[in-house]
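Letters A, B, C, D, E and F mark the chains in the order given here, with residues in each chain numbered from 1 onward.
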Amino acid sequence: MTKEEKKIYVNKKGLRLDGRAVDESRPITIKAGVLKNAKGSCYLEWGQNKVLVSVQGPREALPKHIANPFKAIVKFTYRMAAFSVPDRKNPRPGRRDIEISKVCGEALEKSIFLEKYPNTQIEIWAQILDSNAGSRAAALTAASVALADAGIPMKDLVTSVAVGRIDGKIVLDLNKEEEDAPDAVDMPIAMMSNSKEIVLLQMDGLFSKKEWEEAYEVAVKGIEKIKQLQINALKEQFKLEEKEEKKTKTETKEKSVESAKETKTEKKEDKKELKDNKELSKAEAEVQ
Amino acid sequence: MQKDVLLELNAEKVLNNLKEGKRNNGRKVDEYRKITIEKDLYKNAEGCAKVKLGDTEVIAGVKFSLGTPYPDSPKQGTISVGAELIPLASPFFETGPPSMESIELARVVDRGIRESKAVDFEKLCITEGEQVLIGFIDMYAINFDGNLFDASAIAAISALNEAKLPKIENDKIVEKEYSGKLKLKRKPLLSTFAKIGNVLVVDPDLMEETAMQARFSVATTEDNFVSAFQKGLSGAIKKEDVDNAIDTAFKTSKEIRKNI
Amino acid sequence: MTKEEKKIYVNKKGLRLDGRAVDESRPITIKAGVLKNAKGSCYLEWGQNKVLVSVQGPREALPKHIANPFKAIVKFTYRMAAFSVPDRKNPRPGRRDIEISKVCGEALEKSIFLEKYPNTQIEIWAQILDSNAGSRAAALTAASVALADAGIPMKDLVTSVAVGRIDGKIVLDLNKEEEDAPDAVDMPIAMMSNSKEIVLLQMDGLFSKKEWEEAYEVAVKGIEKIKQLQINALKEQFKLEEKEEKKTKTETKEKSVESAKETKTEKKEDKKELKDNKELSKAEAEVQ
Amino acid sequence: MQKDVLLELNAEKVLNNLKEGKRNNGRKVDEYRKITIEKDLYKNAEGCAKVKLGDTEVIAGVKFSLGTPYPDSPKQGTISVGAELIPLASPFFETGPPSMESIELARVVDRGIRESKAVDFEKLCITEGEQVLIGFIDMYAINFDGNLFDASAIAAISALNEAKLPKIENDKIVEKEYSGKLKLKRKPLLSTFAKIGNVLVVDPDLMEETAMQARFSVATTEDNFVSAFQKGLSGAIKKEDVDNAIDTAFKTSKEIRKNI
Amino acid sequence: MTKEEKKIYVNKKGLRLDGRAVDESRPITIKAGVLKNAKGSCYLEWGQNKVLVSVQGPREALPKHIANPFKAIVKFTYRMAAFSVPDRKNPRPGRRDIEISKVCGEALEKSIFLEKYPNTQIEIWAQILDSNAGSRAAALTAASVALADAGIPMKDLVTSVAVGRIDGKIVLDLNKEEEDAPDAVDMPIAMMSNSKEIVLLQMDGLFSKKEWEEAYEVAVKGIEKIKQLQINALKEQFKLEEKEEKKTKTETKEKSVESAKETKTEKKEDKKELKDNKELSKAEAEVQ
Amino acid sequence: MQKDVLLELNAEKVLNNLKEGKRNNGRKVDEYRKITIEKDLYKNAEGCAKVKLGDTEVIAGVKFSLGTPYPDSPKQGTISVGAELIPLASPFFETGPPSMESIELARVVDRGIRESKAVDFEKLCITEGEQVLIGFIDMYAINFDGNLFDASAIAAISALNEAKLPKIENDKIVEKEYSGKLKLKRKPLLSTFAKIGNVLVVDPDLMEETAMQARFSVATTEDNFVSAFQKGLSGAIKKEDVDNAIDTAFKTSKEIRKNI
C-alpha cells in the first residue's frame, strides 16, 4: 500500500501509465449487426472491455400485468460472463448487476420513441465478455447502437463514458489500475449529445464541485468522439446491408442512421431538437 | 412497485403549479420537509435511528458480524447496506424478494457512506487477513410519502453514528458487551431532487415523485465534497441541474447534519 | 452452565430476576393507528419487544386461484428486522418465520367476519423491531388491534401471551433470560377472551398436566389484563379520530371498537355471543 | 395444498354422524387406526422406519453429518427435521419448494423430540466448540389419508431409535462403519386431534380432516410429560379439549410406544 | 488406490465380487399398484436400490402456456430421499436430478399414446429410497409399470438397465463397488424391447466400438428378462384387482397389461407393431 | 425454450427432402458445417475460445478457483461446466434460472471431457486433502442455428486446451501470474446427430432440429474411444444408428480436432 501511494499515475508530460493523455479514452471499436438471430446487435471493444449486445422485440410485454398501454417497456440486462473478471463471477445476477441493468435501461428510455409501441417490451441483453473498468459505459454505448441497428426509431444515440480523478487530475476513461489509485474517483455518465441531456450519471469517490465541472467538460468532449464511432459503425453496417440488399430490415434502420447522422452534423439546428423534445414531452404527458 | 392511480391524476396539477413557480405543498424548491430523528430505540441493534421526513418514515439499524476480509484488503472490514420496502409503508409495496427499487436504494446509500470514507474500515479489522467486522445497516421503510432515498440515508448515517463496536473474545462476539463507539470520520448525507418539467425540486413528496421525469441524488460531506451521484428514471437532467443540486445539497445538508 | 443451574429465577418472596411477580407481565404499551398508508395499524411495546403491524385490504386475492368465493383469506407475515435479535437476522424468511406466520394468521381467522369479504385477502404484516422472548404474542396482540383499527368487523379481539415454568414455578410472560433457565417451558397462547376460545396454542419443554392447568389459569388472567390495554388503545385512537373528524374511516371502526367494548364489559350477556357464534358457524358451513 | 371437492361434500356427513356420537369410520373418539412399523429398510440410512397409520404412510430416515456447534452450546450437536409432501401421497400435493404445511409439520415433530430431550445432544459432540454431529431426520409422506403429524412423528422417533452413530476418523465420517447406537432418553409421541363441531377425535382420517375446524397436537413422553403443543387451523379449541387431549394422548401413546 | 488397482472384479470363473455372472443383474422385485392415492404406482427393488413411483393424471396441463393441444406432456421427477445415499442429499434438486428427470421423461414419451390426451400432463414422481448404482434404470423401469398400472394406453413397456465394463469385461448392472473400478464404464440404456427401439442411452467412461456392440447385446438380453418381471408384476396386480372387483380402474388397465403381454408373446407379429408405429407417427406429424 | 412457428412449418420439407436422400442445406448426412475457432480473445479468462459451426456460435472461457477436494479423492481437483442459453443467440431463449436444456447441455459436455480423462485431475491438486483447483468452464451461446452441443463441446475443449494454470502463493491465486499451461491428455469431441424419419444426419442445423424426433450425441477421442453417449428427445434410435454415429464421429472429429 505504501508503495502504491507513491505510484505516479500521471507524469509530468501529462501522460498516464498506459501512455494516454488525460482526456484520451482507450481505443474503441464498434461493429453493428453482428448477431443473426437478434433484431439488432452490436459488438464493442473498449480497451480490454468487450461487450456483445442483442436487441429483441418490440414484442408483447410479458407477464401481461407489466404492459403499459401507452408505450413500450425497456428491459435491460447487464450480465458479466463468468470468465470476464479476475475472480470467476457466479452466473447468478448480483445486486451490482441488477442496479446497472436498471440505470442503463432507464438511460435508454428517453432516446427511444417508446410511444410507438404500446403494450410491448424491448429486450436488451448486454453480455460482458472481458472487463477492465468501464464495462457499463461500454454496454450502454453498444446498446444504443444495437437499438439503432434494430431499426427502432430514436431521437438521438446515447453515448456513455466514465470520467474521474487520479493523482488530483481529471482524466477520461479510467482503467482498472487507475481505479485502484488512492484518490480515485469514478463517474460514469451518459448523454444524448445533441441536446446535452444527461441520461445516466453515477459517481463514487470524493469530488469537489469544481472537479465535477471539469469532469463534465472532459466527458462531453469524450462523448462527442465516441458518438462519431457509433455513427460510423451504423453507417458501415448500413452500407453492408445495402450491398446485401436486405431491404426489409433496412428501411427502418435507414431512418435511424440518418436521424443520428443528421442530428450529429446539423446539431446547431436547434429548432428540430426542440420539436423532438416537445413530441416526447407530449408522449410522456399522455402516459402520466 | 405498482402505482396509485389517484396520485397519477394529481401529477398534472403538480406540473402546472410548478410552471407558475409554486410547489404543491407550499415549499420552496430548495426546502426540505420537517425532519425528526429518534435514536436509541432498539436494544438488540448496535445502533439505530428512526427518521421522519415529512410523512415519510424510515427505520435503520446496525448489527456487526464477524467475517473474513477480501484478499485484496486484508486489513479492512466493510459495511453492507440493505433496504426493505414493506407493506407497512404503502399498500403498493409488495412482499417477496428485494425489488430493483430496493436494491438501487440500498446501493446508493451504501456508496454515499462508503465512498466518503465515513467509516474507517481499518478500525473494523480484528486479525489481519483473517477476521474483520462487517457492519450491516438494514433500513425499513414504514411510511412512504416520497423521497425514501434521503430519509434512508439520514437513518443509516444516524444509526451508524450511534453504533457501538462489539467486544471480541476468542474470535467471538461477546453478547451485550462493547469496546467503544464507532467513530465516523464524515457524515455524508444524500440530497435527492425531482426534475419535473424544467424545474428541480429538493425532497420531493409522493405527489411530486409521481410527476417527476427524473430523479437525481447527490451525497455531500461536511468538508464540501460530493461522494455519490445517482440519476434515476427515464427522464434526463442537464449540467445546470447538477450544479444547482450540488449547491442546494451543500446548503440543506449542513442544516440536517446538525441533528445527527 | 453449572453456575447457571444455581441461578435463582424466582426468589423467596416470589419475585423474579427483573422484580416481577410470577403472574406479572412486562410493561405493555399499545398505540393504534400509527401508520398513514395502512388501512389499519398498531405499534406495541412489550418489555423489550417492539412490533409494528400494518393491515392492508381487504382487496382482491392474488394470484386468483387462491381466492375463496365464500370468504376473505388472511395473509399474515411475521418478519424480524435484521437488527432485532442479538445475532443479525438474514432478511430472507426462515422456517421459524413461516411457521409463526401460519399459526398467527390462523389464530386471527376465527375472530374476523371473513364471509363479508368473499374473494379478497386481508394482509397483515408484523415487523419485529426489537425482541426479547415473546415476540409472537406481541405480534399477534398488535395485529388484532390493527385489524380493529382497519375497521374490519370482528367477533372479538384476539389476545396473546406466553406463560411457562422456571425454577418449578408457573410464570407469566418469560423474558429471554428466563427462557434460558435449565427447566424452562414456554407456552404461547392466544384467546378470544369473551368465549375463552383458544385460537393459538404452542408449547416447548416438559410440562405435567397439572402444570398445564395452572399455566392456563395464569394465562387467562394475563390475557384479561392485556385485552383491556388493547381496548384502551382502540378507544384512544377512536377519540383522536373523532377529533380529527375523519368520518369515512371511523364509521366502520366505531363498530369494531364498540363491539370489543361491549363484549368486554357485558361479557355475561351470553346470548349475544352465542348468536355471534352461530353466525360464524353458518358462514363456515357454507364454505365447507 | 389444494383440496378434494368430493371430500368436502363428505365433510357434512362426518359432522352429522359425530353429532349422533358416531365416527364415520366406526372408531371410538379416542381410538387410533391400526399402526404398523417396518424398520431396517434402507442401507444408506443410519436409521429408518416406514409407518402405516391406517392408510396413511410415512417413511423417515436418519443421516448424520458433521457440522460446527452453535457458539452458545459448544458441547452439543443437534437435530434437523424435514418433511416432504410429495405427489406419491396425494394428487393434491404439489411439487416445488417446501410448503407452509410441510414446514409446520416438520417443526412440530422437531419440537416434540427436541424439547423432550429425547436425544442427548452432548453425545453428538465430537470436539468441543469445533465439531459436532447433526442428525438429519427426513420424512416422506407416501400415502395421505389424514393425520400426517402422528404418522410422521412415529416414523421419526422409530428411525431415531434405530439410528447408528457413524465412526469418525481424522475429523471425517468413515463410510459404513459405526460407533454404536444412538441411545434415546425418551420416546416422545405426538397425538393429534380434530375438533369437529364440539367433538374432539384422535387420529383423524382424511375425511375427518376435511370436516375439522381445528387441529390440536400434543407430544407426550413415557414419564407423563407433555413436550409440545400445536394448535392449527382457523377454528378454536377450549381448555377442556386440551385436558381431554392430554389424557387420551397419555393413554394411546403408551400403546403405540410398545411397538417402537 | 494402489491396493484397489489390484482388486479382482471378475474372477477366473467369470464371477464378480458379489458372486454374480457377468450377464447377471442383481435381484429385482417389482410390485404394481402399491399407492392408494396415485392413479398408478410401482415399488421396485433392484439390489440395494429401492424406488417408489407414482403416476398422477392425465389432468389439465398447468401453467396453461405449457399445454400442447395435440398431446399430453410428460413431467418426470427423479428425486433422491435425503437418506438414500452415503452422504445426506440436500432435498433441493441438483443438476444431476434435473438431467435424469429430463431424459427419463423423454424415454417414456414414445411408449405412451400421448395424442389421446391433448392439453393434459401426466405426472410421474420417482422417489429413490435407497441407492447403490443403477437408480435411474430402476426408476425408469418402475415408472413404465406405474404408467401401465394407471391404465394409460401404451405401445410397449420401457425397460432399462445399465451395462458396463470392469476389469476389461462387459458386465450387466454394475453396483457401486464396481462403478469405482479404475477402468469402469457405465452405460444406462432403456428400450421398448418389442421394436428394439432405444429410448434412453447415456454413457460414462472409455469404450471401444467393439465394447459398445458387446455391451448392447448384453443389455438386450438383460432387458428381456427384466421386462418379464415387469409383465409379471402387472399380471399379479391385475389378478389382485380382479379379486377385489375394482372394475372401474381395471377396464383400462386390463388393456395395458394385455397389450404388454401380447406384444411380448407374439412379438413376431410385426404387422400390428408397424400399425402401432404408424399411428404414432401420424400423431407426431400432426404435432409438428 | 419456446419454438419458432415458421421453423415448424419447414420441418415437413426437411423430412420430405431426406426421404429423397437430400439434406435441406445441400450437405451429405455425415458432413459438418464449416467450423472456425478463434482463441485468446479475453484477457481475464485463463483460456477461451469462440467457435462458429455454420451460423451457430458459442463462446467458452475457463477460470480457475481454489476449493477443497472431495473426501474420497483428496489428491484431485475437478472441473465444473456451465452453459447459458441467452437471448443473444435466439429470441426464444428466455432469461431466468438455468433451463433443463442448458443443464443437459452442460452435463453432456462435462461428461465427454471428464470421462475421457482429458484433464489430469491430480495436476490440479495444490495440497493433498486440503486445497485443489477447480476449473470452471462457462459456455455462452451467442447465435443459435442448431447443434449447440457440438459447438459448445468444441469451444469448451479449445478453451481448456489454451488454459494457463494460475500461480499459487500462500494458498492464494496470484492475479495475472501463471504456473504454466494445463496439458490435456486427450481432446474429446462431441458429435451430435438428428434422427429424422429413418435418417441420421450429423450436425443438424436449426431447421433439421425442428424436424428431428431424436437427438444422439457421442463423444470420441483421438485414440478411438467413445467417452460419452447422450440420447435426447422423445423419439427412439436403433442399434444401427449408434453404430453409424460412432463411425461418423470418429471420422469427422479427426478433422475437427486438427483445428484445436
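Some points to look at:
By definition in this document, contacts are C-beta pairs under 8 Å (C-beta built on N, C-alpha and C of every residue); 3 or more make two chains touch, one makes a residue touch a chain.
This is a predicted model, so every value here is computed, not measured.
Under the contact definition, chain B and chain E share no contacting chain.
When chain B is fitted to chain F on its Cα atoms, the angle of the rotation, on a 0 to 180 scale and to the nearest 5, is 120 degrees.
Note: the chain lying farthest from chain B is E, by mean C-alpha position.
A straight line joining the Cα centres of chain A and chain E is 54 Å long. A separation of 47 Å divides the Cα centre of chain B from that of chain D. Note on chain placement: the centre of chain A and the centre of chain F lie 33 Å apart, centres being C-alpha means.
Counting partner chains per residue, chain A has no residue touching two or more of them. For chain D, the set of residues that touch two or more other chains comprises 98. The residues of chain C lying in touch with chain B in their complex are 35-39, 41, 48, 50, 52-54, 56-57, 59, 77, 79, 81-88, 91, 123, 125, 127, 129-132. Those residues of chain E that touch chain F in the complex are listed here as 95-96, 98-99, 101-103, 106, 109-110, 187, 192, 195-209, 212-213, 216, 284-285, 288. Across the complex, chain D meets chain E through its residues 41-46, 48, 55, 59, 61-65, 82, 84, 86-91, 95, 98, 136, 138, 140, 142-145, 175-176. Against chain C, in their complex, chain D makes its touches with residues 8, 11-12, 98, 100, 103-104, 106-107, 111, 115-117, 210-211, 213, 216, 221, 224-239, 241-243, 246-247.
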